[in-house]
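Have a look at these structures, which come just after this line.
Two complexes follow with chain A in common, the first pairing it with chain B and the second with chain C.
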Partner chain A sequence: MKRPAGGTSARGTVAGGAVGLLVAASLLGPALVGGSVSAQVGLPFEAPSSAHLLGTDVVGRDVLTRLAHGGLPVVALALGGTLLASLVGVAVGVAAALSRGRAGELTVRVVDGFGVLPAVLLMLVLATGFPGSDLAVLVAVAVVGVPFSVRVVRAAAQQIAASGYVEVALARGDRRSAVIRRDVLPNIVRPVLADAGLRFSAAVHLTAAAGFLGLGRSAPAPSWGRMVDENAPGVALTVWPFLAPVLALVVLSVSVNILTDRLATILAERS
Partner chain B sequence: MTLGLLVLRRLAAAGAVLAVLSAVIFLATDVLPGDAAGVLAGADATTADRAELTRRLHLDESPVTRYLHWAGDALHGDLGQGQVGGRAVNEVLGDTVPNSLALTVLALALALPCAVLLGLVTAARLGGRADRAVSLVTLAAAGLPEFVTAALLAWAFGALLGVLPRVSLVDLGERPWESPEVMVLPALTLAIVATAIATRLLRSSAADVAAAPYVRAARLRGVHGLRLALRHLLPASFAPTAQVVAVLFGGLLGGAVVVESVFNYPGVGFELAQAVANRDVPMVQGLSLALCALALLGLLCGDVVAAVVDPRTRRGR
Partner chain C sequence: MTTTERPGPGLHDPVPRSGVEELVRVEGLTIGPSSGPPVVEDVGFEVRRGEAVALVGRSGAGKTTTALALLGHVAPGLAVRSGTVRVVGEDVLAAAVATRLRGRTIAYLGQDPASDLHPTRRLRAQLREAARSEADVGRLLSAVGLPTEPAFQRRYAHQISGGQAQRAAFALVLAGQPDILVLDEPTAGLDAVLTRAIRDLIGELAARHAVVLVSHDRALVDAVATRTVTLGARHPPAWRPPGVGTHSMPAALAPTPAAPVPGTAVPGTAVPDVLSVSGLRAWHGRLPALVGIDLTVPGGGCVAVVGPSGSGKSTLARCIAGIHRGRALATMRLAGAEVPVTGRRAREQRRAVALVPQDSVGALNPRESVRRALLRAAGANLGPHRLASQGGPGHQTDPDALVTELLGQVGLPAGHADRRPGALSGGERQRVSLARALACQPRLLLCDEVTSALDSQTGEQLLELLAGLRTRLGLGVLMITHDLSAARHAEWTLVLADGAIVDQGPPETLRTSGSHPVTQALFGA
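And then the complex of A and B:
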């Protein structure tokens, strides 16, 4: 395979910078930008002014403050859900790959069944069980990611398990846990990372959509998705309360997608 | 394996998956929340009211009994009744599923020709200028959450240009295709997302075909461009296309929940989002189960079509 042209890696760098900036801004935003996210500071849909740089929203709250606080649920829940999915994926995938007999096959079949469930549907179902809770969104993101992670990890671990040294170590009488820790895990780091990247990209979609659909922590807690929904009716008066969260989501999701795609290519080339 | 046997096996597998999913849906919505009767009856209900409601909703029975009750009724085609408005779930499904299917099919009809064309053109010359441009655009478009695309389209066409309705208002008892302009933006949103995903999937499967010896032979004979794509790559891409369509179908049903909510389009996804907002548990259960069944049916059809056009896929699994 030819090495990708220079433009592609520059694209990856730009995307990486954008992701880093937005993730940092989302996580630190609430600490850096003070002010109340629920206080009414003016009339609804005031145009941007020096007091309110992005104007006011549907009930007269400061859009900039809400923008600074609204990235946290999108990014933090996506990160947490991805981490959870990867942990479960590694545990189940490695176990399924090393197990003898049909247990591994059966596990994968069951896990695959969950893959059929459309992601948004699962999130809606969980949100019905746990209304107004971020936990439902977190669990939904994780459960949606697990089937993919298990498949990737199992395939990678099976390859390692079939290579001589694992068989030698097991035949020598090494403990299973030691074999997994020393021989299997270090060798599946790359596919696991690449997969986690792709899962994160999908997770951002879900957490953003959760805000939009009014799932997760209930109003008036800000979320970029919810801000899009709340402020869309006011675009004729002032467009920034609507456009600011839209742009934040566009830049975040597109750059995450480009970055993880690039990351997966790089990791695949090296292994 | 004969085709009939394949269909039977896949049907059995789909049934098993649906049974597992029904348990998951029931568990997530019904077993976990606390005092459902208390919530429904309201703050100023008497103890007797609550007890009556508890009995009527079978809340005094064990979760397993209730699940078996519900699943048994569902097997007989009765998905129960919503708590808000008291409509039968079947009635809601009958009203909304055709609308959602129409939207999904329209989006697929728009997306598929574009995706096949783009996939083949990019696969014919991997790493070329067209490939790189299309790959970047599809990567970006696939990266956008559906509701963001939808909101941007609604803003551009509804508010800025004012040519299309921002909200898909359909008169009661009327079907959306009787006033087609309300379908344009929802279908376009889904089509953009579907095109991006399908192009990427088809590109990778067509790329394998493009590396095959017979395609090289054709190239050496001087066949190139669109002719190469249509005569030599397209026929070999039918089976993967069928499976891509099946995967997309499930994805579109999920995406439709969000897109229908943006435009208030009267589909099953919009109804489901409403039911979740109202905490109408039986309605959520019924609609979710129906959506899962639809997604499974789509995957099944994709497998069967793939097996018909490409006998090699009948082997294995």
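And then the complex of A and C:
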């Protein structure tokens, strides 16, 4: 059921701006802000000054530099994992929707099996397999996303597969690949995009948690999640080394959520 | 089956408010694609509570577009150029207003209402979600003349008949207690008995709500509408394709159009059969759907298959087209060569049969222009095209010329090639669907309810068009239809009931001397 939509478009615009800014900052940050992320430049937990705008962290490294470099693992891994999950989801979902007989149903049941695995547990197990590597986080994000993606894509593709134009195309002997490329894919773009947005939102939570738990690339490498963990003990001395990455994570995940909500509403209204 | 009992007391809710209440006001509404002539031009009308206003006009006059605009919906590819649409005094063209009013104040029932039902939820669950209280479920069902017992409420959408699904969709719409009901072709595709029942239902609804009705069914409009608004009156009459209508085929409204025409064939003569099927048996899962069907379609001939809903007509079409998904057995010859009913067919065998599907909305890919759809269907045949060479001026291999030629064959202007289905009317879509079928250069056209979404004038034009194509191209036509006036164009009619042929003969003979009760019910209703 649809609810009144007053004011959501303004919120959507603000959220969109925030997401754009943060994603751009995390992807481009390492290029824009030079300096070493591991060099000791002062005493631990120095207050913000003109030399170090956000102060120094637990071992006296520049917080601003680390903040600029620390968004990349959060955002890039979330984006990569989501992309991977969507690609697998589209491939499996469309194949399941178009398959005859019980093969499709069976595939979905098997994929559903992955859906019951708790995301963080899965990530921890994978991390023991690839210690100190971002690969574990990437794979965990993708594996967690795939079951939902498959279900959404399959449901959307089944509807298209039952339509008159697909039946006509199959009846006149068009190749399955042509039917998928020209009839199915163009008509499931919207649900796939909306689903990817939701996946991305969940993926950001997971990659931030990975940093906090110390998974992924090992210690000196900055990550917003890890910075929160490292700098929490110094809150009494200076709050910014802790607060800055917290704010970055909160604003990113809240605005991604609002944006995907808004996107889903727009897509639902148009379809 | 569905009964024809009068709607129950559930309809007396909501109680009508103050006497005369203007619920809808449309002024100077013009809607069209970004370039080219508008689909709807300068339409204005108002609807008060207790009224049933019918939007009439030929196919393509913008009836559905206008009806959807009342809900603030404009199809992709179209835009409101000018005018206002007010529902209970609010500007419904604003997205936020439309979202708020839909369902509770104004509700829409589309051309295929059964598709509004959720496929994997029980009727009871769907109605309970939409209704305000538990007790309303039974009242809603009785209001639309459906059984109220728990066993029925526990069914899924696929476990009830098409007519019942249509009524269930009505119940679902009524659950929101809307003031205004917008009904788009509520009786399209229903047989005569169900049509009468739905007509009574609409009459009852109009007394309590305001009803905006889009229909080409003149009897329905006459019976329920308090006022009619004619759309597209300013435009010139429908463009007729060259050669159609002046052709030596039976005239549309001639009293005995079923007489065999010289040059075409009736079963039993020496013309080779395009299609012959014997002993066709088909199943849905374990349920038998067809039990021993024999039929032949001669080249240039037209055979109609009629029967009540659920008699297996669509399954028959799907078996012949080779897209039936269950088990099926038969000996089938297509253009002289034996083909399997299920399983692999060669590409050329598949292209020999062209399906023109039932639902004109879902028949065309909404993201594909007419040109792309046609060229894709023509596919590898982009060599000398048989259709293109019919006209005389040599072989045409130019894609644009082919598209123009195909559109010309079905009486559409070449300018429609760049449109998407959303910018076409129901009748235009059906013609594009036919053109797409012709692009395969088939030997047999399999027409599934091709006239059910069209007004009578457009429907007759389409049938004449088919008749012309039959003689010019030697196409066999197997026409599956509810519409008995469409069946009159056939030389031979088969009556299908419960998966078996119960009666057959020339349509006129069946009308006067059909012996089976189903035949008598169909022709008598």
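As a convention for this text, the second predicted complex is superposed on the first by the 265 of 271 C-alpha atoms of A that agree within 3 Å, B and C clash if a C-alpha of one lies under 4 Å from a C-alpha of the other, contacts with A are read in each partner's own complex, and residues count from 1 in each chain.
Convention: a residue touches a chain if its C-beta (ideal position, glycine included) is under 8 Å from a C-beta of that chain, and two chains touch if they have at least 3 such contacts.
Just so we're clear, the structure is a prediction, and the values are computed from it rather than from any experiment.
Participant: Who contacts more of chain A, chain B or chain C?
Facilitator: B
Participant: Could you say whether A:194 touches chain B, chain C, both of them, or neither, answering first, second, both or neither?
Facilitator: neither
Participant: What is the contact status of A:257 with respect to chain B (first) and chain C (second): first, second, both, or neither?
Facilitator: first
Participant: Report for A:172: first if it touches chain B alone, second if chain C alone, otherwise both or neither.
Facilitator: So A:172 only meets chain C here.
Participant: Looking at A:163 after the superposition, I want to know if it touches chain B, chain C, both of them or none. Which is it: first, second, both, neither?
Facilitator: In the superposed model, A:163 contacts chain C only, not chain B.
Participant: In the overlaid three-chain picture, which partner chain does A:182 touch, first (chain B) or second (chain C), both, or neither?
Facilitator: second
Participant: What is the contact status of A:236 with respect to chain B (first) and chain C (second): first, second, both, or neither?
Facilitator: first
Participant: Taking the superposition on A as described, I'd like to know which of chain B and chain C A:126 touches: first, second, both or neither.
Facilitator: first
Participant: Looking at A:23, would you say it contacts chain B, chain C, both, or neither? Reply first, second, both or neither.
Facilitator: neither
Participant: Kindly list the residues of chain A that each of chain B and chain C touches, one partner per complex.
Facilitator: 2, 4-5
Participant: Across the complex, what residues on chain B touch chain A?
Facilitator: Going through chain B, the ones touching chain A are 16-17, 20-21, 24-25, 28-30, 32-33, 127, 132, 136, 139-140, 142-148, 151-152, 154-155, 159, 250-251, 253-255, 257-258, 261-262, 272-273, 275-277, 279, 281, 284, 288, 291-292, 295-296, 299.
Participant: Tell me, which parts of chain C touch chain A in their complex?
Facilitator: Listed in rising order, the residues are 76, 95-96, 99-100, 102-103, 318, 321-323, 325, 345-351, 353-355, 357-359, 362-368, 373, 376-377, 379, 433, 436-437, 440.
Participant: Could you please specify the touching residues of chain A with respect to chain B in the complex?
Facilitator: Residue list for chain A touching chain B: 2, 4-5, 7-8, 11, 110, 113-114, 116-121, 124-131, 201, 204-205, 208-209, 212-215, 225, 228-229, 232, 235-236, 239, 242-243, 246, 249-250, 253-258, 261.
Participant: So in the complex, which bits of chain A are touching chain C?
Facilitator: It is residues 1-6, 100, 163-165, 167-174, 178, 182-183, 186-187, 269-270 of chain A that touch chain C.
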